[in-house]
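Just so it is clear, A, B and C label the chains in written order, and each chain counts residues from 1 on its own.
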Amino acid sequence: MAELAQRRGACIVSDDPYLYFARVTQLWRRRFISVRPAGVHAQAVIEPGAWVHPTAYVGPFCLVEAGARIDAGTVLKSRVTVGRDCTVGSGCILHSGVVIGSDGFGFANSEEGWVKIEQLGAVRIGRDVEIGANTCVDRGALQDTIIDDGVKLDNLIQIGHNVYIGSHSALAGCVGVAGSARIGSHCTLGGGAIVLGHLEIADHVHISAASVVTRSIRRPGNYTGIFPLDDNAAWERNAASLKQLGGLRDRLRALEQFHKNQERR
Amino acid sequence: MAELAQRRGACIVSDDPYLYFARVTQLWRRRFISVRPAGVHAQAVIEPGAWVHPTAYVGPFCLVEAGARIDAGTVLKSRVTVGRDCTVGSGCILHSGVVIGSDGFGFANSEEGWVKIEQLGAVRIGRDVEIGANTCVDRGALQDTIIDDGVKLDNLIQIGHNVYIGSHSALAGCVGVAGSARIGSHCTLGGGAIVLGHLEIADHVHISAASVVTRSIRRPGNYTGIFPLDDNAAWERNAASLKQLGGLRDRLRALEQFHKNQERR
Amino acid sequence: MAELAQRRGACIVSDDPYLYFARVTQLWRRRFISVRPAGVHAQAVIEPGAWVHPTAYVGPFCLVEAGARIDAGTVLKSRVTVGRDCTVGSGCILHSGVVIGSDGFGFANSEEGWVKIEQLGAVRIGRDVEIGANTCVDRGALQDTIIDDGVKLDNLIQIGHNVYIGSHSALAGCVGVAGSARIGSHCTLGGGAIVLGHLEIADHVHISAASVVTRSIRRPGNYTGIFPLDDNAAWERNAASLKQLGGLRDRLRALEQFHKNQERR
């Protein structure tokens, strides 16, 4: 998942050798690795009312529920679930264990405990989207969850209900995006980053790995929030001081004030 | 997964419009979406010695192992594994890819490497529990892992062996709870939060997203531990200073002492 | 997942009672729990050109793709995918939902969006490796991703492409290791830890839960980077001060300079 961050804009010999390398790997694959046939594996389940394009591939132990649509050339590797009424555009790759259209996490509090808010929306996935192994995309509560064209999701990512992810954004492994967050186009999120619910992130925003987005980000740029790693002893000392940081600030201010007063005298 | 945090206690027009909304979505679903039939899908595997209530539903590619019990009205969506001797109460929903009863992560160190501690307990899940897509609940080492009535677990959550989660607690996506932790009733854990092993969390404790619980929490309340997000340049400057924080504290103390000594003179 | 950290070196009555306990659980299991038969479940798919040792077990809804090899005594519980050309050594346990050999997350940027770098390597897993439920190991881009002998991976872990994990290292739940990282032997990573791409970690390094490794670690030892948990009000005050920390440092330095100048006078 670092590949993405490390290579952005790499340019050494050709105009763009990394892009050139990508094209070579594609040639190599077509030349030496047998291409998967189109069609539906005998061990897959396509519910009545689902629609799979003849050029798409649905692998073993996949489930495509009623009302779902899988468009041209899209590949569902193995053990992929595409839930009721969800749509996957053309040219997508969904890796093993992906779940599209699980219920969003919505409950109302009551005297008797949590009351389920039925999730009545679906998931709409654009074209040329790749979704990594065991990643989950929840269906919307009323409207749909939307993953726009060209988005790349790595493994073990959680996308909450009613999230919108703009075109060509790329999210690395273990990212969590909470419900109703809106992520712009051409963004990147490093591995393990968390985006809280109902926030908006502008286009061309890059979040470092393991950082937590707690407020909307209106301007393109690079953002980070990681506690720096240290050996245990040093960390313990600094972490203890951190808890007194507000106090340290006040004490420093008092000293400064004292000096100012002295100078006035 | 933000839904939970954002809406707690929302109250605008009716006594509790959010609860009212939940009831409406349930009516809508019953009215317009075909309800899943009870029974076991032809592509599911129920091992001999497992028991599934006639009103429960077991979807395609599910596995219910020997000795496991699935109670009345419970739904296993698709690709759900309920391991040997594990029990799921009535009215539960287990979303696609859920694993109940994988081995807890227990090993003893030896000269030849890690020696496996066989996990001889099981998992007991109460009634009205909902478990999100690709979430895992490990079986106990000797006693059972317990998820109490009305608990709601979001997607991609890891529950370690011998964990206890009290009734009506709700955990958002990507949470990890390490082995033998005890979480009280009516707690909420924000997305990506981590609870270390062998800790106890009291009832009505609310942990913010991405926070790490490193000690037991005895009192109800809201707790947070997140490094604030900043643009890269500002973060780098502050993170560098953070590593000298213990030193800063000592230098500030020295200055204060100097002033005290001056005043005495 | 805490088991590991808490019990290291525990030694109370016998020479090593925890190791003794592990042996007892193994005896108990053999005595009282029916041992799984070897062989391939009727509901598993073994592609032509894959090879499964006669003493291995492949459970329901598993897929072993062409060119893959599963060695003696290895157990694939249920819903495990071992991708094209990937090898799993002898005596391994792969829990439900594991994905071995999903595509690494590699894309080159172009005018038209991300261009896929075909992942032409595979995954090689040594012997006596245990891999937890829903954990993913990506195939390498050109060379292979390697998990060495005796490694233990907990649930919901993401291992990126071209990663190397040295023998007898143990990674707790929800860990993410980004592409091309090299982790030494006998290391432990606490739950939710993140290792950035292209880093090297020496042997016998122990990373605390939820810590982020942002630079290579050359020396054995214990390392931590966690923002300490606090009640919300205290956290807010300290987090606000944290954003001014660079400034606080400068102001403290100015005060110290002022004193030095005074003394000189």
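Basically, a residue touches a chain if its C-beta (ideal position, glycine included) is under 8 Å from a C-beta of that chain, and two chains touch if they have at least 3 such contacts.
All values derive from a computational prediction rather than experimental measurement.
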| item | value |
| --- | --- |
| Type of subunit A:subunit C copy interface by residue overlap (half), same or different | different |
| Angle of rotation relating subunit B to subunit C [CA atoms, steps of 5 degrees] | 120 |
| Subunit A-subunit C separation of Cα centroids, rounded to whole Å | 20 |
| Residue list for subunit A, restricted to those that touch at least two other chains | 43, 61, 79, 97, 134, 156, 174, 192, 226-228, 230, 240, 242, 245, 248, 252, 255 |
| Contact set on subunit A toward subunit C in their complex | 1-9, 16, 18-19, 21-23, 25-26, 28-29, 33-34, 41, 43, 59-61, 77-79, 93, 95-97, 128, 130, 132-134, 149-150, 152, 154-156, 167-168, 170, 172-174, 190-192, 209-210, 226-232, 235-236, 239-240, 242-243, 245-246, 248-249, 252, 255-256, 259 |
| Subunit C contact footprint on subunit B (complex, rising order) | 43, 45, 61, 63, 66, 79, 81, 83-84, 97, 99, 102-110, 113-120, 134, 136, 138, 141, 156, 158, 160-161, 174, 176, 178-181, 192, 194, 196-198, 207-208, 211-215, 221-228, 230, 234, 237-238, 240-242, 244-245, 248, 251-252, 255, 258 |
